Amino acid sequence: MIDVIELRRELHQYPELGFTEFRTAAKVVQLLSGWGYKVNYAQDTMDGESRRGLPSEEVLEEAYQRALREGADPAVVERMRGGYTAVVAELDGSSDGPTVAFRFDMDALPIPESDKAGHFPADQQFRSSHEGIMHACAHDGHTAIGLALAERLSDRQFAGKVRLLFQPAEEGVRGAYAMVQKGMLDGVDRLFCMHLGTGVPTGHMRGAARGFLATTKLAAHFSGVSAHAGASPEEGRNALLGAATALLNIHALPRFSTADTRINVGILEGGSGANIIPAHARMVIETRSADEATNRELERRVRQIIEHSAAMHELEAKIEVIGGAIPIACDAELAELAAAEAAQIPEFAHAEPFSDASALGSEDASYMIRRVQEQGGKATYMIIGTDLPAPHHHPEFDIHEAVLSPAVTLLERLARKRAGD
Amino acid sequence: MIDVIELRRELHQYPELGFTEFRTAAKVVQLLSGWGYKVNYAQDTMDGESRRGLPSEEVLEEAYQRALREGADPAVVERMRGGYTAVVAELDGSSDGPTVAFRFDMDALPIPESDKAGHFPADQQFRSSHEGIMHACAHDGHTAIGLALAERLSDRQFAGKVRLLFQPAEEGVRGAYAMVQKGMLDGVDRLFCMHLGTGVPTGHMRGAARGFLATTKLAAHFSGVSAHAGASPEEGRNALLGAATALLNIHALPRFSTADTRINVGILEGGSGANIIPAHARMVIETRSADEATNRELERRVRQIIEHSAAMHELEAKIEVIGGAIPIACDAELAELAAAEAAQIPEFAHAEPFSDASALGSEDASYMIRRVQEQGGKATYMIIGTDLPAPHHHPEFDIHEAVLSPAVTLLERLARKRAGD
Amino acid sequence: MIDVIELRRELHQYPELGFTEFRTAAKVVQLLSGWGYKVNYAQDTMDGESRRGLPSEEVLEEAYQRALREGADPAVVERMRGGYTAVVAELDGSSDGPTVAFRFDMDALPIPESDKAGHFPADQQFRSSHEGIMHACAHDGHTAIGLALAERLSDRQFAGKVRLLFQPAEEGVRGAYAMVQKGMLDGVDRLFCMHLGTGVPTGHMRGAARGFLATTKLAAHFSGVSAHAGASPEEGRNALLGAATALLNIHALPRFSTADTRINVGILEGGSGANIIPAHARMVIETRSADEATNRELERRVRQIIEHSAAMHELEAKIEVIGGAIPIACDAELAELAAAEAAQIPEFAHAEPFSDASALGSEDASYMIRRVQEQGGKATYMIIGTDLPAPHHHPEFDIHEAVLSPAVTLLERLARKRAGD
Amino acid sequence: MIDVIELRRELHQYPELGFTEFRTAAKVVQLLSGWGYKVNYAQDTMDGESRRGLPSEEVLEEAYQRALREGADPAVVERMRGGYTAVVAELDGSSDGPTVAFRFDMDALPIPESDKAGHFPADQQFRSSHEGIMHACAHDGHTAIGLALAERLSDRQFAGKVRLLFQPAEEGVRGAYAMVQKGMLDGVDRLFCMHLGTGVPTGHMRGAARGFLATTKLAAHFSGVSAHAGASPEEGRNALLGAATALLNIHALPRFSTADTRINVGILEGGSGANIIPAHARMVIETRSADEATNRELERRVRQIIEHSAAMHELEAKIEVIGGAIPIACDAELAELAAAEAAQIPEFAHAEPFSDASALGSEDASYMIRRVQEQGGKATYMIIGTDLPAPHHHPEFDIHEAVLSPAVTLLERLARKRAGD
């Protein structure tokens, strides 16, 4: 049996950003194949056009080469080249039954990991070896749990099928949608998603999180015509004038009585020199609402403002979705089942079906949950508590590793649980 | 013979704003008819759709009723009702020859006339009897000159034809265009326009003014949807947001290397109450340039900004032209002819063909001049000097009446002048 | 005994806008004095500087003259001249006891009343005789109730004191503050405020409304320098540029996580002509939040944006508060007392202490309630249900007059109620 | 004698950007010292605080290390470290007389040089060896001319003194000001500046260029507070809102009747992520006018807009001058002298004292010229014609090398010319 803690530490040392999880995914492919799973990956598990916020070709290629240098199986990663890093594995149980799926996210964050004494991964020598990149949101733990679960279930002592989904690019809510669009959630009867931490302490477990917001992240590109600002300003088409107009008007969109909303223009960059009418500008926008329809309406208005701010100055506007998520409505049945099973595990002294706190973030597992529910299946998003020395996305973030093994046990029980047991 | 000074004083007492010159125009019709001219007026001399910046129906009707009360011929003004106040009269000379036209503007300004001692019209008891309206730009003098000229020429001692154009609504550059569009300048071989004053002192005369700018005046109406600002702000479509966006972006239009430009949003009004999302806004915009094509391009960009500022917020935008003029290029031949004739009149000790100063204003006689030149005719815009106690458009503006009679004489000489004389 | 319905109809015929309730207030003074009350009014009941959104002197004077023409007591209204229309009356009971206050608002709305058949006041011939002004928010009913209550209590059969507050200018939340600042709520032990209608049907009564929002209404004046837009634009200081910049940035203020917020620029007006750099602009702004501190912070930021938008263009900015309110926290003790008393009155079959719906509007009785509570007193804001043929502020708004008499009875019971009864 | 063409080619191969001309300046120091000049450089020739648009420390250090690797004298460049790359050399003549100064600029541009066949430096193998940097404005030629001049004058056969100014960072009009502030122009009686090309063809020479514009280049930094855009947007202070407001209002500054103006926001960059309220933004602005006072007024207004756009959103604004120039008024006496001397040189068949075309660019030699004139000296800015295969600042720019030697001869004649000769 693999040691889930050791595995987590190994993954922690080689963090990879969204859509560049070449080394991680190749390891997942290798282990799952070895345990008898039917493993699909790369373009078989993701719709290429549906990937959101894909990095540039240079970034993808550089990460690919790094994975090769670090020992990833060339035949496997070759197929993943260009940002196809999802893995989906399936195993038949010993008898007929439902298809039960588990989802794990694999990507890390562009945060330099602390090297201070007292930071556990630094002290224990398994700190990130990729400078500037860090597993600061526990996805190393999630992936390790998924792999340990896979090994335990390789005995096939369960009814129906188990499907394990290893997702790239959860950060920025970018990767799940492409897996859903490729049909990876089709046929699932029960879907269990999970996250470590998020404010829930060690010993606690929640069968269903609540409060995830609908969100859309857009990148807008304004293209105009450069001109010499002194000699012939009227020949220019000023991309920054269009972008600044869009920025102000996007922020000026009304409050909604239907639901609380949020809106932000997080990045604006444009122009090339003091004496040149700026021909290009790029803007990154985020909308949020607890209400999905309200978020869609906000997105519609943002697009409208961008298009007309550009047209006003005879610019071309290109808008791309670089991230997105919808709200999550967990099925009470699974939430209660999960809490009941957790209650059987000594490490979870405090298991409750429903979270009492609102998450107030966004998760693209929401697309997977929605797809399962649309087909008549059930789904939930669980929280496995762990004390944290520093908040998520912090250079000193870490998990309490003792939670990993009981988490595997919980998922194992859920996989082996018969309907009606 | 009528006394041109007495006539000017009579007109001065009854000033009328653009398109409401009912009493003035009716008097012109009456006198010209009496002298044997073939007189056209009302819809026969103006294209209704081409009138720019027409006052509201209420304003037109109120002025019409006032003219009736003040003794205007009911049969004549009835035909002018609704703002058709142009008059065009023609007289055949004693032999064949060219068609020589003269243009006079008739309208006054929304300025309350001074009643202080020392203000000549006040002292002499011919101050405006229409409170708040004043002949503060000498159009009373222009009209009186035109009528006196008509009387003198009624002897038909000239070759060809004389055409006299009495124009409404020069202020705001609104009325000439509708006369041109009705064909009132067709067939003109020589056109003489003139203005008293404009900085040229008594005793001076210029055969051709220069420096008139192309200009466009637009009114833009933004229509949205009102909503309660507290209860359901998202149901509103905010006309003031669209208008403020347009205002900033119109001012931000680039400088042009092709010619100096000017741009102004002179008026913005919108909204109805603190707690109502504003559903309506109105904006008045002016563009200018010495270069006609540059002014057209500015106007095109202003329209584009308005349309997209509106569309950005799902508003409807309606844009109307409420005034306009083009540059004037006087024909040197007529400028020299006029200066030569003036030099024959003792009161014009200083007659020069060309002005040395730039006017830097706009004139819609420019459309008339352009039309004549397009047909192969010649045209000029003369300045007849007069000392001024206060600037044009000032409550104490006045002319030096001694200039009126020599001005009539100058025009008479130009009318009787044979080609090749 | 006066007939409360007849009285209401009489008031309905002579609606008066905020701070111009000369005829109404004079009638209140006359009746209360006749019943033995000690009556204060005019500058004795209002702090002049604390009046918000006072109409112009012309408007105040015109309304004053109208009241005189319509028979108001000249000696009384003379003292109210200039917008001092509050009345406060007090009566001692037959024994010692608490001071119990009741507040009634008197002003009408700038809404033309319907004259259609089926509109009850039209059918019954008591429609507004002040064209364009209408009691469309039931304040005629409130005032009638207050007067009928006064008459009943003139027997002095109660312990302690009764204080009756007749407030001007509740619409726009403008008038209560000046009464509070003058000390009119000092010494009050129990304060009962009330409103007819607001969605609560006939037969229902609520002891305490909830959900009133904090709000601030501001008027901002931008003053710059005019200049000829063609001749010397750089000499202007453009008030509309400053105002449009403020407008966009005010709308762009962030959402707050502390509480839901609203913001609106309801009116913007500026400029004088197409060719003049605009020297003046006026803007009306409204902020709202359920949380008072959040509303204060919003107001602070709005002021900051206005000041710097003006300074950016070398304009002077003047900001005045033209309205305001704070949230209301009713005291449960009075809410329950009121519901219990109402339950004794057959017409109130459905009396409940607390409203289940949120009002989502604003009320400046909030300042009175706050002052009473700060002194250790108790206060509540009751809703007296009445079916409505059309919503509040609608030209066909009307109340169900049968509710008036039971409402008087309810207040009478509250006035005669002994502490500890 | 050095070969001026060979020297120009050597300099062309090692182009260095403004304030990083370590290798070039070290070579200048070495040669001039060898020829007996008294050579000052580094902090002796530049006021550190007056350097505008200094690159970052990283960029300065990297260029310094490159110069060391490429053989620059370590003792010399050590003193220049950190961006002190001006050199000023002086030599006494054989008799008393005026101080005659010549100015040469040394810096290159961030333009990748063409490697196409037909591009002369590529064909002749002296193309830039610093990828992305190119002498595309003839400063290699200027520096070579200056050095060849220095060698010829080392015979001291002239009256008075010669002073040679080798200036860094002319591109972006950044370097001259620091030399002026250090007193490097003090005591100069005649100053000759020059430029190759600029549209004047081979064989032509102009004694005085005209039309240089006043300009100011500013960088503005907006600093706010970041916050999570979903969780607590009100805690942020949004730097991009302030910057976008400034951008629109800067472009909306009025046209001036005093002189033609230009204004541009060439660069805007800010923000860090979709879900973060942006805490920083940077903006680069350029103003221009033929009239120095108008340009100063424009700069004043730009600063005011930036400061208040920042304060409006509680941001800190820091504004730095990163470049600037003033107009140039050449002294006719020197212009005529230069043309007369050029007329003695066969290669200048077409020498004229005054340029007939307007330069319409900006030059920071203007500060040097102004300082000399303030002291009572005379100065001019000459154009030495050369045919160009491609415009200035183009990857295929090149000069006609045959012009170099006659240019040296012209300057030599001007240096040896006695007053009154």
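Every chain is named by a letter (A, B, C and D) in the order it is written, and numbering of its residues begins at 1.
Please note the rule applied: a contact is a pair of C-beta atoms (placed from the backbone, for glycine too) under 8 Å apart; a residue touches a chain by one contact, two chains touch by 3 or more.
Chains and their UniProt names: A, B, C, D = Amidohydrolase.
Given the structure is predicted, the values throughout are model-derived calculations rather than measurements.
K.L.:
Which neighbours does subunit C have in common with subunit D?
P.N.:
For subunit C paired with subunit D, the chains in contact with each are A, B, in label order.
K.L.:
Counting one step per pair of touching chains, how far is subunit C from subunit A at the shortest?
P.N.:
Contact-graph shortest path, subunit A to subunit C, evaluates to 1.
K.L.:
Let me check something: if the centre of a chain is the mean of its CA atoms, which chain is farthest from subunit A?
P.N.:
B
K.L.:
Let me have the rounded angstrom distance from the C-alpha centre of subunit B over to the C-alpha centre of subunit D, please.
P.N.:
Using C-alpha averages as centres, the distance is 53 Å.
K.L.:
Can you compute the centre-to-centre distance for subunit A and subunit B, using the mean CA position of each chain? Integer Å is fine.
P.N.:
So the centroids are 69 Å from each other.
K.L.:
Show the residues in subunit C shared as contacts by 2 or more other chains, in ascending order.
P.N.:
Residues 231, 233, 238, 241, 245, 248-249, 251-252, 254-255, 262-263, 277 of subunit C touch two or more partner chains.
K.L.:
Answer with line, ring, star, complete or other to describe the graph linking chains that touch.
P.N.:
Per interface graph, the chains form a complete graph.
K.L.:
Touching subunit D in the complex: which residues of subunit C?
P.N.:
Listed in rising order, the residues of subunit C that touch subunit D are 231-234, 236, 238, 241, 245, 248-249, 252, 254-258, 277, 297, 304-305, 308-309, 311-314.
K.L.:
State the interface residues of subunit B toward subunit D in the complex, per the touch definition above.
P.N.:
248-249, 251-252, 254-255, 260-263
K.L.:
Spell out the residues on subunit C that touch subunit B in their complex, using ranges where they run on.
P.N.:
For this pair, the touching residues of subunit C are 172, 213, 215, 217, 229-231, 233, 238, 240-241, 243-245, 247-248, 251, 262-278, 281, 284-286, 288, 322-323, 360-362.
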